[in-house]
Amino acid sequence: MFKDHLKKISSTAAAMIIFSLLASTALSISYFVTKTPIEESDARAKRIFLNQVIPSNLYDNNLVKDTISVEPNPLIGNKKNIDIYRAKKNNQVIAVIIETIAPDGYSGEIKTLVGIDQEDKILGVRVITHKETPGLGDYIEIEKSQWIKNFDLKSLDKMTEKEWAVKKDGGDFDYVSGATITPRAVIKSTYKSLLYAKENKKRLFEL
Amino acid sequence: MDNRSPYIVDAPSVSVIMFKVLLALIPGIALYVYAFGLGVIVNITLASLTVVLTESAILAIRKLPIKPFILDGSGLVTAWLLALSIPSIAPWWIIVLGTLLCIIFGKHVYGGLGYNLFNPAMVGYAILLISFPSIMTHWQIPTNLMENHVEWLDQIKIIMNSHLLSKETIDAMSSATPLDYIKTQLTLNQPLNIIQQNKIFGFLGGSGLELVNLGYLAGGLYLLKDKIISWHLPVSFLTTLFFTALIFNSFSPDTFASPLFHVMSGGSILCAFFIITDPVSAPTTPKGKIYFGVAIALLVFIIRIFGGYPEGIAFAVLFMNIFAPLIDSLTQPRIFGHK
Amino acid sequence: MQFNNIFKFNGGVHPEENKSLSTTLPIARLPIPKKLVLPLRQHVGHVAKLKVKVGDQVLKGQIIAEADGNISAAIHAPTSGKILKISEEIIPHPSGLPDFCITIESDLKDKWIEKKPIAWKKLDSAALIEMISSSGIVGLGGAVFPSHMKLKVNQNQSIETLVINAAECEPFITCDDMFMREKADEIIQGTLIAQSILHAKQCVIGIEDNKIEAYQALKKAAQKTSIEIKIVPTLYPSGDAKRLIYLLMGIEVPKEKRSVDLGIQVFNVATVAAIYRYLELGEPSISRIVTITGNVQNPQNYEVLFGTPLSELIKAAGGKSNKTQKFIMGGPMMGFDLPSIDVPVTKAMNCVIESSPELFPSPKPVMPCIRCARCADACPVNLQPQELYWFSKSSQLEKAKDYNLFDCIECGCCTYVCPSNIPLVQFYRYAKSEIIAQDKAKEAANTARERNESRLARIEREKKERAERHAQKALGAQEKISDDEKKSTIAAAVERVKQTQQENIKN
Amino acid sequence: MSDIKGIALDGFWKQNPGVVQLLGLCPTLAVTTSVINGLSLGIATAIVMALSNASVSPIRKFIPTEIRVPVFILIIAALVTVIDFSIHAFIQPLYKALGIFIPLIVTNCIVLARVESFAAKNKTTPSFFDGLFMGLGLAMVLTFLGALRELFGKGTLLSGIDLILGPSANNLVIHFFSDYQGFLLAILPPGAFIGLACLIALKNRIEAR
Amino acid sequence: MITALLVMIFLAVVLGLVLGYSAIKFKVDGDPMVARIDAILPQTQCGQCGYPGCKPYANAIAKGEADINQCPPGGDAGAKALAELMGMEFKPLNQEHGVQKPRAVALIDESTCIGCTLCIQACPVDAILGAAKQMHTIIASECTGCELCLPPCPVDCITMEPVLENSQSWKWKYPVYNIEKTSKA
């Protein structure tokens, strides 16, 4: 009796082992086959995204790989070290891409990428993630509206601090009526990241 | 042979009940017109027309008699409640679409009068709010606060042709509701007493809105007196809302509005007497009604303070509607002769 | 009016009373009809056993059918005459179906059999109950439960309180009211007899506050007794025994228990008077007071012999009126349509209402239930009629049972207040009778299954025995066969039996 | 041949996974915000189903009954991972759009249901076609639901086609209204439930005739 | 890579052992389904379904050998209840096995009966009383109306009497108040 049971139990176990070995083999093969293409396509995707913030014709380095790590700073709202991408042309840093966090969105944090050149001018801003009300606050996405392009080429020296606000508050930025919290948050965080870039110019832009 | 005892009845018909509810809404509507102009009347008219036409069409499709079901008045109650829930300057198609949604998705997909799981008006309202958040948060400011005087004809024009108006014009005559305003200003770390200095606040709730709410209150008391609704729902809802707000307010008066403000602003009064008292989608046992009212009040408070929307009545009511059958089955009263 | 020590139950309704219609004239006596039809089943329990055959001459008060077992009641000839036939006749029942009846052709002499009053004071309760069991007395309030059974008390029970039900809460009905006004003495006497048989320590009469004259008559008659008369507010259905007990004493009779278990027994006023008449005067139960009211010329109460065709009563009240559509037996809350005006007056018939469209308008269109719970507010049993309706309507009978359908007393309060005009009680009646029928069918199926199984077992056993006998015989023929072979033969036989069994199953 | 026809009829209509069996509701509801999303996840699922049915069927007699479910899951999971890798490697934008839902095909009940109820009892060829047609049936529902939601929600069709065919395909996107407000509900999760309910109702309605 | 493989193998061993063990440990004996099906069947024991009684038919249904619509006394309602229990689609009663008839009980014409006991042997519920060469009687309350006693009777003295409704067995009917009807009235 006991022997029968043992036999049955061990046979099921053996079958399981055989099938899992087969599956593992299949997985290993496909893993090795797709490994390089996956890496390439991931890098390509990241580059495409970063190119929205800094046009690709401005730099000649491998943007995805060329980063420096910075510590937490209230101006960019990060809570742990993050990487800042640096765009170089002829071995000169011409612009950086900073990931900033606006903590005061309508329903939580808004993460953006801000591209800033060495003259404290914004090259481009894109939203990475947000939780704003669909249809109300989500016009900060490039897929939904062109609003985010308002930031292009804006800089600290051409505008007073007061102008870094929505029109309703006497500022320079357009907004969708009824939803002012979201643009306010993005404007504020972008403004602060400019301040950050200015303060840390040496570190960010020197090799 | 028709062995149908009892042979005598003494009850107001469904129509009478529903028309009394409509009657009870009139003081609130009158004050609405007084404070905000005729926009709401346009909306009510549009909603009523839509409801009659749509419901007739659906009843015809379903091969049901049209007259008794139109005259039962339940469709009109839904239409009026929806019209009172949306901003009075919303474009005309909002109320028409909303009423359509109420009648189709709130009522007839479940089988029509008496079978709907959810409060039909709130179904329509929630769909509108989710789908058109921008329009649904543009509330008209009371006429006496407007910088340029608005004739009633202008209001109709706005409702009928809102897409022709510039954003500035709309902004000039609309604002967030007091609840919404508090919520957004609080995120900017403003203390409450500064926030409430804005002109849109009145002595109890929102300027103008508090008057309308008093009108609803009068209508609600009439319904209570006439035994159209039972006391359990409004009392449990309002006291829970009041005391929850009181507790939070006493801990931190700078971030939590006063209990009276919570009761007198937003749709609290309308909700207490007209929305949660919809018999079809609410529990039927006395105890169940109390639990229902308490739960909705807590949810409303939670959504108002912590949620993504400034007002939580529609979602709270819809959410609790799901539980109404469960509440009913758990709160069966003790039967005569049972332990 | 002040109500002292009254315990109000939840719910209840107060329909328009319409009682004054039939209280203007005193109780009249209906002349003896030519023909009387007496159904054998006029009570709860077993059908009475026939004691006469066609052609027999009977005297007034003679037993013509006797009680069959304990829960049953005798039937007496209401007047003297000849047994005309014993056949199926239409009876006053909501089904409109016929049942077995004795038809007596009266000789108009109305000759009494020898009346034998009983010296009840000298007899003990057991003997009295035995005697009352042949009195034919049943609950005259409408429940028609054999009265002697209610007077019988088990050893482990003792009756504390005797409640006399004088509430008569249904609109239109005034038979008890008029009876109390005119025969208060008989009622009080009967009450005292019942109290002494039951050895009840106290006795309360509960009467609604709309019967002041009756109250005063009772009060006067009860002056020198310890009987307490309590006035209860007029509210339907306070005449329901369990409701009345609660009103008077604040005691709820638990589910599946009877009031007797709590030491309370309830009798209707007319029932105790009938007991009095039987014991003191020797008159069995052969007549009752019937209210005829509604759309009749002369609404009035009549003393009517059982078996009298309803048409006689209608004639006495002025005949059928123009707009009369139908006749209702009982009150407007719990009554039912009579299948014909030829039905006989029975022990259960307390009231007949001629119905006209003005009196009882035809029902308004039925709308869907909006769950307003007015019915739940009106339910005197605290049920949830809207849920019961939902389950009954969709034939979810188990669910209906779970929601205590069988606690429903079918008083009709829920339907009375329904804004959607839903015939709620009809649905409960349907569900109840469906459940009962299904339970009966289930029981029958179970019996059939058991009988089938025992039959199969028997056949198998017989087969086995036969096989063993065969094996035994084979054994006897070949004595030299070794033990091993014996075993194998038996095994083979058993195997064969098994095989045949299997084949049987396969077939 | 008629056998395969019957299988196809089952997959597309009679036993359609999306509107009859109501299996695989998670992707049905979650990814159908546009035609392209619905169609591509549908096709991915169909491929997994065809392959898993085809690979389980020939070895069905060697799998002990006690462990058949884990073995099926193992096979399905391996196939899904392979597909996940491939999409990630070669159609990166689509991989981003469909996100977690590709690995989640493993948990899609319809895949296991077909393996268990069909492939484990039938020969390889019919099993392959069963998986394929069931998958395509699901893909059909996903596409239809996606179209419905996209049309009502955004007023477009085929938006996001560039994810698959590259940016040049952008002019294939059909815009129905020039100035459409957008009916957000259709795009949001509740819209998926309502849309699916309408599809089921429609199917039952046609069936009832 | 090696770790991944080891994890897979470890999982395979554990799963295989656990499942193999539970297959032995939690083996289900008997079939409670049969009893539940049998409870739905009307217990007429008439054999019209093609099986020698209700229990064998229940067995066959549980095994999937018989269809759910072969019981004429159960009728469509019975088939519906069975379909619900089995999670199958409802099928109307298969007419090949007979049609549903109103309930009836057998009645022996006692003047014709010759006392052959053939009907007694045929009765599945022992509802016929009598002995050889003596008159037989049917216990009406036990008769299921299966009609199995009809064919064996050599003198055709058994008839089926339909059970009629009387005031005791009468049921309240389902109230039908159609809104269309009443609104016109």
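Just a few scattered comments:
Letters A, B, C, D and E name the chains as they come in the text, with residue numbers starting at 1 for each one.
Following the convention adopted for this analysis, contacts are C-beta pairs under 8 Å (C-beta built on N, C-alpha and C of every residue); 3 or more make two chains touch, one makes a residue touch a chain.
What you see is a predicted model, and the numbers here were worked out from it, not measured in a lab.
The chains in contact with subunit A as well as with subunit D are B, E. Chains B-C form the pair with the most C-beta pairs in contact.
Of all chains, the one whose CA centroid is most distant from that of subunit D is C. Once CA atoms are averaged chain by chain and compared with the all-protein CA average, the nearest chain turns out to be B.
For this pair, subunit A with subunit B, the centres built from the Cα atoms lie 42 Å apart.
Inter-chain spacing, taken between the CA centroids of subunit C and subunit D, is 66 Å. If each chain is reduced to the centroid of its CA atoms, subunit C and subunit E end up 36 Å from each other.
A straight line joining the Cα centres of subunit A and subunit C is 84 Å long. Touching two or more other chains at once are residues 94, 363-365, 367, 423, 426 of subunit C. Residues of subunit E in contact with at least two other chains: 15-16, 19-20, 23, 172, 175, 179, 183.
Within subunit A, contacts with two or more other chains are made by residues 11-12, 15-16, 19-20, 23, 134-135. Against subunit D, the residues of subunit E that register as touching in their complex are 15-16, 19-20, 22-23. The residues of subunit E lying in touch with subunit C in their complex are 38, 41-45, 52-56, 124-127, 142, 144, 165-167, 169-175, 177, 179, 182-183, 185.
Within the complex, the subunit D residues that touch subunit E are 65-67, 70.
Of all residues in subunit B, only 105, 127, 130-133 touch subunit D in the complex they form. The touching residues of subunit E, counted against subunit A in their complex, run 1, 4-5, 8-9, 11-13, 15-17, 19-21, 23-24.
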